[in-house]
Each structure stands twice: as C-alpha cells, then as structure tokens.
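Right, I'll just put the structure down here and ask away after.
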Amino acid sequence: MLPTLSTKVLLGLLEKALAIRRFEEMLVKLAGKIDVGHFHVYVGQEITGVAALDLLETGDLCFTTHRNHGHLLARGADPALMLAEILGKSTGYCGGRGGTLHLASAQLGFPATSAAVGGCTPLATGAAFGMDRLGSDRVSVCLFGDGALEEGSYHESINIAALEKLPLIFLCENNSLEALGQKAGEYPSSTLAVVRLTDLVAPFGVPAITIDGCDGKAVRDGMTEAIDRARSGEGPTFIEARTVRWPGNRPLWPALVTGETNLSMAWDETVIPEEFREWHTTQDGVLRFVREMIDEGHATPETVIALDELVQDQMRTAENFALESPYPEPETALDLVFAKSGSVP
Amino acid sequence: MREILYAEALVEGLRELLEADERVHLMGQYFLGLTSHRELMADVRDSFPGRVYYPPIAELGYVGAAIGAAIAGLRPIVDIATASFIFQAFPQIVNEAANIHYMTGGQTKVPMIFHFNHGIRGGGAAQHSHSPQAMLWNTPGLEIMAPSSPYDVKGLLKTAAESDNPTAFVDHTRLFDVIGPVPEDDYMIPFGQADIKRGGKDITLLASSFMVQLALSAAETLAEQGIDAEVVDPRTLVPLDEDTILESVAKTHYLVIVDECHRRCGVGAEFAALVVEKAFSDLRAPIVRVSTEDVPVPFSQTLERYIEPTEDKVVQAVLRVLS
Amino acid sequence: MLPTLSTKVLLGLLEKALAIRRFEEMLVKLAGKIDVGHFHVYVGQEITGVAALDLLETGDLCFTTHRNHGHLLARGADPALMLAEILGKSTGYCGGRGGTLHLASAQLGFPATSAAVGGCTPLATGAAFGMDRLGSDRVSVCLFGDGALEEGSYHESINIAALEKLPLIFLCENNSLEALGQKAGEYPSSTLAVVRLTDLVAPFGVPAITIDGCDGKAVRDGMTEAIDRARSGEGPTFIEARTVRWPGNRPLWPALVTGETNLSMAWDETVIPEEFREWHTTQDGVLRFVREMIDEGHATPETVIALDELVQDQMRTAENFALESPYPEPETALDLVFAKSGSVP
Amino acid sequence: MREILYAEALVEGLRELLEADERVHLMGQYFLGLTSHRELMADVRDSFPGRVYYPPIAELGYVGAAIGAAIAGLRPIVDIATASFIFQAFPQIVNEAANIHYMTGGQTKVPMIFHFNHGIRGGGAAQHSHSPQAMLWNTPGLEIMAPSSPYDVKGLLKTAAESDNPTAFVDHTRLFDVIGPVPEDDYMIPFGQADIKRGGKDITLLASSFMVQLALSAAETLAEQGIDAEVVDPRTLVPLDEDTILESVAKTHYLVIVDECHRRCGVGAEFAALVVEKAFSDLRAPIVRVSTEDVPVPFSQTLERYIEPTEDKVVQAVLRVLS
C-alpha cells in the first residue's frame, strides 16, 4: 500500500525511487562499455530505502554497506557526484578514494560506509551510543543485508544497543527470499539456521517486525514507530524488510537481464516479458508504487512518464559529468591519511 | 618537581580529560589491569557517574561502538585491557577506524583512543602476552603512542585526546610502578618528538614502551664498563621522529634495538630497516635487535625469561656490536 | 537429586567432586605462600563437571576455558601433573608451557584449552565438524561460562553447528546468578540483555535446557540426552547449568573466605558459619551431594570422611610432587613451536 | 614440460589433495576470488560432493571451526577469500591456531591450511586490499607460503598439506594468469628453500608473491640498461631460507626489496633488518624498500597506481642504489 501522504510528497518519493532505478540501470549499462569494476546495485529494494530514509532529519546518521547506492540517493545524494565517485573521479563524494563500496557523504548523514559484511553494525551502534551520551535526540540507522546477521558483530552490537537502550534502528534488508532454504520454509537466507530473522532479535527484548520491503506504507509505518521509539529514549528497534532479489542481481556481476525498466509495465501487463513476469508483477517495488499511485489517483501514466524523463535527463547529465571529470592527481594519494589536529605536526 | 607513579600519572591524565571535556567518556575500565593500582580506576568511576561505560565481553562490538561514537561526536577512550584481546576488535580497528578518514576523502573524523596493556606481564602465557604494536604500525591511519615514563604518559595522553584521529595507546603494566617527575601544571607532549632518555656517545639504544626502562638499566651497567650509551625513545611510532633517531646514529655509529614484539616483522624490524635505508653510511657495524624470541610466550617463568628481552641480553648485544 | 546409579559409581563421582574441591583449596592456600599468579577455581561448580563429563568416552573431546581445573579432574586428570603445570614445572601436563589458563591433556580428551573468552566455541564446533566429516561417532563438548555468550564467536558457532547438525554439546556454566554485573564493580559477570540464556539458542532450532548445576541427576540426565542426540546424528544441544558463584570467587583473586570445606557441614547444620550459611546450605554442590548420599543410604559420615582423607592425601602427594619438580630448562623454550612434519626441515 | 596457468596449477593441486586423502576437506570456495577462473572451483565442488563446505559469512566461526576440525583429525583447507576478511578470524588464527601446539607442550597438532588472496587487485579500495602476511609473520607458530609461479603454487601446496602445522597460503589474484611449466608427475617443494628466479650479479631483488613477477619484469628492463639483477624468491616466509638471501647479497653487495605490504613493519622491513644484522659487511649501499605507501589503499586507479609498487619504481630504486 501507499503511505498516507499528499500527492506531492508521494511524487517526491516516486521520483527518488525512479532515480535509484535509473541510476543503477545507467551504471550497469556503463559497465558494459567501460571497466567499472565490481559493484552492487539496489534494484528491487528502492521502496525500502526511499520510504524508510525519507523520515530522517538532518543529523540522523546512516551506516550502510556495499549495497549503498540507493540509500544515499534516498537521502538526496547527487547522482553526478555518486557516479563520479564510482568511477574514481576527483569530483566524487569521497574524491575518488572510496568508490562504490564506500560511498559516503557526511553532510547527507552517511559518515562512513563499510564494505565488510557486519562492519556497519558496531559503527551504527556506537553512533547511537554517542548521541545518547551527548544528549542529542538524533537517531542512528544501521542498514544491512540478511547476510550480516551471520557475523558475530551483529550479536555483540544488538546486545549493547539493548542494554543501553540506544536510539538505533536496525534496518535489515532481507533480499534472500528466493534462497533455497526459504523456499522450503526453512532458512530465510542461505546460511542462517533461524526460521524467522526476527526470532534472533526477540531474546534481547528489542521490538522486531517483518515487513514487505516493497510496501511503501508498511515501510513508512514501521520506520515511523522505530524512530519515535528511538527519539523518545525507548531504545532500538529491528525491522526486517523483505524483498525478492532482482534477477539481474543473481549473477556475480549485475546484469540488465530484465532490460531497462519499461514503466508502462505498471499499467499494461501485456508488455511484461514472460521470463520475469512474476518478479515484475509482484516483486518490483517501483512498478508497484507506480501502479498504486495511478490506482489511487495520485498520478497518471503521463505524469509518471514525464517524471521518469526528468529523472533520466538527470542521469544523462550525471553520466556526462562523471565521465568528463578528471581523475585525482596521483600525488594526492598521500594526503588525508590523518585529520590535521593537535597531535600531527 | 613532584615525583609520582606512572599509574598515578595515567589516571591523573584520564581524570583531567574527563573534567575538561564532557565529550570524553571511558569505555571499559581495566586501564590498570589486575595490578594493585586498579583501585585508582574505581575512584575515577565514582567521580564521573555516567561517563564510564562497562561493556559486555565483546571487544569487537564495543571497540567498534567507540569508533561509531567518535564519528557521532563523542571523544571515547576505550580500554581493551590485555592487548591480546585486541584481535577480537581488529576488523573494527584495522579495517574501519584506520580507513574512515581517508576513504571518505577527509569528510569524517574518528577522534578516539584505544588503550591496551601489551607484552609479557609474567605468567600471562601465550594468550595474554601479545605486543600488537607492529601490526598496528603496519596499518596506516592509526596514530600510535607508546609512553615509557610518568611524564610521557600524561603528556602524550593529553595530546592524543586532542587528536581527531584514532590513536593506539600502547601501555604496559610493568611501567605502572615507575616513578618520575610530573609537573602539577597542565602540559602536553607533541606527537612525533622523540626523547633522548639518556645522552651518550658510544652507541644508540632505540627502544619504546617498557623496553626503554630496560635500555636505561642496561645503559647504567654499560656505563660501569666505560660504554656511554644513548637511549632514544621515539615516544610515538606514528608519527615517528625519524630525525632524532638518525641523528643519534650519525653521532654514535652503532645501533642496538630493544623491542618486546616478536622479532620477525616487529617494531624493531622497522627501526632497523629505516636506519639502514636512511643512515647506512653512518653505521659501522650490524644493527642488532633484542626482541622476544619467535615462539608463543610460554607460561613457565624460566622459559618466559629465556625468550623475553632482558637487561643482560641488551648488554651482551652492545658488547657484541662494539667488539 | 542424585543420579540413579549404584553406590559404587556414586562414590566414584563423589571422589572426583572432592578431588576438585580439595585441589582448588590446596591451590588457594599455596597461593598464599608462594607466587602462583592469577588463576580461576571451580569451587561451587564441581557437580556440573563431574556428573556431565563422567558420561564421556575415550575419544570424545572437551574444549574448556580459563576455569578448567575441575573439568580435567572430572575426566581423571592426575592432580600432581595439574599442579605441576600450574606452577610452571617441566613435569606438568604441558611441560610448563600452558599454565593454569591452558591446562590440556590430549590423552584425556582436552586437546586445546583457550583462555580467550569465546575462544573455545569455534574450536569445539570445528572438532564436531571434523568428527562428523570423518564419520566418527565421537562427540565434542564445549565448556564455557555465561560470559562467552557475549562474544560474537558464540553466535557464529551455534549457527554452524545447527546448520550442519554437528555432534556438539554446548555446556554453558552460568555462575553469574547473583551478579549485579560489572556495575557492582565485580570482575566477571553476565552483561547480556537476554533474560534467559536459553532464549538465545531457541532461534537456531537447537534444543536448550536450563538445569541446576548442583543437581547431579539433572546434570546427568540432561547430558545423557545431549550425548545421545549428538551420537545419533541429530545435532547439537545447549545446556545451561546454573550455579551460584562461590563467595571465594567474588574477589578478583580467589580467596578461601569460607575456609577449607568442613564436610560435616553436610550432616550437621550447626557447624555452618553464619556468614556463608546460605551458600553452603543451598548452593554448595559438594555438600549437597554428600547429604544426598547419606540420606539415601549410599554413604555414612564415616565413609565420606574416609574418602575425603584419601583425597586429601592424594593432594598432599600432588603438592609435594609439584613443588619438588624442576622448572623446564630455559633453552627448551625454543622447542615445539612447530610439529615436526614434512614441511619443516 | 607442459605450461599451464597458475590458477590451473592451484586447482590441480587442490584436486589431487582431495583425491589422495579423504581427510582433506575444503571449507569455503572463493580460492579464485571473483576472477574469470572461478569456474574451475565449481568443477572441484561437483567432483567431491560432501568435501566442500559452504560456510556462513562468519570468518571467525568457520576458520575457528577449521582449526577445531584439524585438531579432531580432518585436514581442512579453509578459504578466507579476500585477505581483508582475515581480521575477523584473527582471534582464532593468531591467538589459537598459532599457539596450540606450543602451549600444550606439543600434545596437539593443527594440520590445516588457510588461503586468502592478498594485496591490490584493482579497485578493491581500503577494505579489500590488505596484505596481512607481515602480521602473520609476527605471529610465531604459523608456517607461511607465498608462491609466485604455477610450479611453486602446486609444489608448495602439496607440502603444506603434509604439514602438521597451521599454514598460511598467501595468494594473489594477479598471479592467476601467470603461465609456466608444471610437471605432470607429482612433486613437492620443501618449505624453507628459496628459489633464485633469475640469476644476476649486480644487485639482488628480494620479493615474494606477486612482487616476484614485478621484480622479474624490472630485471628485464634493467638488463637492457646493462644491469644484471638477481631475483630471489624465498617462497616461504616461515621457515625462511636465510642462507640463499644472504649468499645473494654477499655476491651482489646491493639489495632492493619489493614488498606489497604497507612499508612500516611490512615483510620488507624484516628482510632489511635480517640482512643488515647478518650481512652488514657485504652491503655497499643502503637497502631500499619498494613497498605500498603508508596510506589506506585508495579506490581510484590513479591513486592506487601511485601508492603501489610498480616495475618502474623498482627500476628507479635500483638505479638509485647503484648510483
């Protein structure tokens, strides 16, 4: 369902969801032309990121993973600076030092992005610890995949968060629903022995819910409650947002196996290609959002197409900007190991 | 000037930091290990309610949390207790804290200190006797202080607390009883300034942390034999004051390194490599390292003694180098 | 309650429990006279170790912790070789290389003892993995304190054990029941946000029970079931054995605050000193075992005293042996870094 | 002799080990990383059902489990994939595996191999580009192999599998495409025997793992300029063949070290320290290290290139040393 919001706000969310989709498509296409290296895309999870992070305020901090593109865009990142970073250009968010694995924008509330699975959990917990001790009412959001639950760092982090009632939201994006175990009604990810991820959380006394990550309203409601709880000092919340992995993410290197998204699939089922019919009809959050917008009178196919063109334009601009940007000067590689401060001459 | 114990100077430093800045918090509390001085820390805890956090036995989680807290604006001083437990926190220290400022293109700072007691404390056996400072030095992005005296520990700690970088505080329980002058007034010791702990002209002894004390006693013994050894203490490994080291070698022409790390790839290896690269023509003899033998640290006192650096081994090494 | 066993077998168990108690008392006393360094004693937990490990067979492996003395003695370790090791003598089980923290006897089924909290969990899991893959019907027992549940290694290990249905028993000795946590300024204690430890286990689908660690029958029954399950390929079991920390273990360094155990406290309440009345009456497993033996006619005060004297004699012999044993030759410190094998000349 | 790829030689070695001994099991499967050769591993998996284990993302747990399994009699070859993930397993590798044989007084053996792909692979950035071999060399109790050719990888792997000690298999994805002669017949290469990859008389280039390939191309370039460089590859760091290294330096009198670790306390530091200690009088010039600069590894290709060892940097270093 759609979140209960004005048309204008909903269109804003849709624009961000489209921006993510088109950004990732642009990137996958680009990777077919030039060597972009290994990267991970957020296709299929857009509604989770957009609906959840829209609720954050300035100063709230997010700690994300290797699959971070959508998260930054959801908080308003400039696709040009993002792509520039992914291409290792000096104009990128991190001056080309981080790349796709470590996209960070302190200003947007992404102070440090870890590509070590389970790396972000202690960091996010610590940020919440800091906010708590500093008496701030900001919250910390830990964004991670189901795989991170297999790392011991999760276990240690949730214990600390629970004991200290930290202002923290664990937003676990479980994109492994098509995994073998899950299909057999057993394990939700390939290598975790628990039947429901939230069962792992319950013992710590941390409220935990499972939601459909493509359901804008469910995501927004769950996140609203979690943020309220965090801001009012009641401690952490765990949200499992379930999505089904985009077929283009199943190979080791992302591939546009479903082609570039044809938005008319949202209102015209006949254009959906047979091969990925199920995914597009039930699991493609962006199409579903569009469909719901149209059904509830917030948009028409025409307004959606117009919005999409705007977004695609933006992506073309971003691509040109990034491609034309220079690489950093080699010698600057030696800079920025340390923040300049009292102790370093 | 008043003389106080190293343990007292350390705790005084922590106290003053807690008093001066509300953002300073302690996470973990075994700064003084299991030594008889640990009551001093209990007092700190009582004086600053809410500012001393007692973590679970979860070094990865709570050291990582300190890093995250630093990112959010706290100035945590986190204690890992026995250095061997730092391995649990390596993913967060080596792969997060050290990298964050650089890989964000300078956007984010990690102003935190992590403290641990390294080395052989007597009967710690293989799993409680590590000296991980060489591994940390092989990790760009960390500042490293390794004090050897009451004066240094307080002055360096003050500087570390002002740093916006993650700083390893390499400590040693065998230093706690060392006594020495510490001003009543506030002072700081800049990082990257070595200290000549004893001037001398015949040979340079290069050492850090507790090994400085060992080098100093060896120097006394050598003095009785007419050998005037200079003891150079870099005080911080990152940044390193190469100049003072190289100048000392340029003057004495001989170098013995005293290092509690295991020999292979220890801190002593870097000192030797540095000097042979930058002061080769000053050297008149091989550089000899007195380090912990390359075996896991045994429990039994006779074995432990055999593999650790000792004053006698330093003296013998000097005599060998000068002969 | 007593396990349902013959008098002879029960007397065997009692002898081992007494051996542990007297060994630890001897050690604490010795530490008052000579420098023994830091160590951890098993007083108060004897019945858990004795009743649980008695069920193991040759080839079953145990992985224990810093608090290992009782475990080795429960599987028949020679107190003389144990004390020699604790004193760093060449005659000790590990030739003086391990000391109290790492008491190991491969022959008795203690191949490697880790003093890193949480160190033994992956090792024990791996041993079970090895047994499973080798097609052996041996089991692996992971002995650890409640504190080890705070380490991420526990989380990673139980997941592996559950997924692979390994022949493993997690025997968690929770001796922190009275602890107010480190907030009370005490050293080791539980800092875990879960109310019941077994709640942590349930999500993995691993059977978990909580038992009174001073109840010989409960320990034996729980362990019997766990071993059966392991040997028949049904996977791991988690047992929480609860005991109340011996008052002598509350200070940082163990102290004989309750004096040397006066076994007549088992049959004569009046000799129990007021200060530790509650602990001795309800929480001292050894006294309780003696009381039950007498109540059920398996022993008389006289037979118990006689047995105890035998045990105390053994300890005196052990002490003499250990004190008189030589320290290892210094130069041997360089040996045994590597097992001699093809690759090392 | 037939010529095959490094990746093929590696997989052939694994296959033969799996065939020869039922106790050999693979734990983890990313031996060939994300490279195009990874299909070779898929074949292995299919050929040995039940002998290749797919662990959770839990390096501490499953590497620790491999150690435990080795204790129980299995001969596990565990794969950590990218070397940077080894930090998660450090508590088990550094504080358990390395210590167990020693601290049990020789009672218990840990016959296992842990494999990882280290170093700069291109665009791995700070968290996927570590070279942890110096840290492991600072940990007594581990054997360390660091092959640089198809012949060596297979021959050393066979020997490692016979060892009763925990052995680090330091691997590099940039070696996978190297082609070279590999006998069809079974063979083993003893640990502790360096290989002179190229004979020469003017200067010694000491390198291991992928850096050997770099040193070899630098040597070709130098040859064109009339400089005859000897390339020494220790092949195993533990045990180390000191003699071959020292003999080469005794012959050439000049030494440049090529090492992909960060400079401070890297493998290169130990090489330099060793030579200045044991062959000082043979040296006629400073020992220069070409290493990765002491900064976290940056993502961007221009930056990465600037900080990593390159053929050109080796050539320049040689010219500087010889001038």
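What to note about this one:
So that you can tell them apart, the chains are marked A, B, C and D in the order they are listed, and the count of residues begins at 1 in each.
The rule is simple: a contact is a pair of C-beta atoms (placed from the backbone, for glycine too) under 8 Å apart; a residue touches a chain by one contact, two chains touch by 3 or more.
Please read all numbers here as calculations on a predicted model, not as lab measurements.
More C-beta pairs touch across one of C-D and A-D than the other; that pair is C-D.
When you average the Cα atoms of each chain and compare centres, the chain farthest from chain B turns out to be A. One inter-chain figure worth recording: chain A and chain C are separated by 48 Å, centre to centre, where each centre is the mean of the chain's CA atoms. Note: centroid distance chain C to chain D, computed from Cα atoms, is 41 Å. One inter-chain figure worth recording: chain B and chain C are separated by 37 Å, centre to centre, where each centre is the mean of the chain's CA atoms. Contact with two or more other chains is made by residues 94-98, 102, 114, 116, 118-119, 150-153, 155-156, 159, 163, 191-192, 337 of chain C. The multi-chain contact residues of chain D, meaning those touching 2 or more other chains, are 55-56, 58, 60-61, 84, 88, 91, 95, 102-103, 125-127, 140-141, 293-296, 298-299. Put simply, chain D touches chain C in their complex at residues 23, 25, 50, 53, 55-56, 58, 60-74, 76, 91-92, 95-96, 100-109, 111, 140-141, 143, 159-160, 162-165, 167, 188, 190-192, 239. Taken together, the chain C residues at the contact with chain B in this complex read 37-38, 88-90, 94-99, 101-102, 114-119, 147-148, 150-152, 181-183, 185, 191-192, 252, 327-334, 337. By the touch rule above, chain A contacts chain C in their complex via residues 150-156, 158-159, 162-163, 187, 191-196, 199-200, 202-206. Interface residues of chain D facing chain A in the complex, by the touch rule stated above, are 34, 54-58, 60-61, 84-85, 88, 122-123, 125-128, 293-296, 298-307. Looking at the complex, you find that chain A touches chain B at residues 61, 63, 92-98, 102, 104-107, 111-112, 114, 116, 118-119, 121-131, 133-134, 136, 138, 140, 152-153, 155-157, 159-160, 163-164, 335-345.
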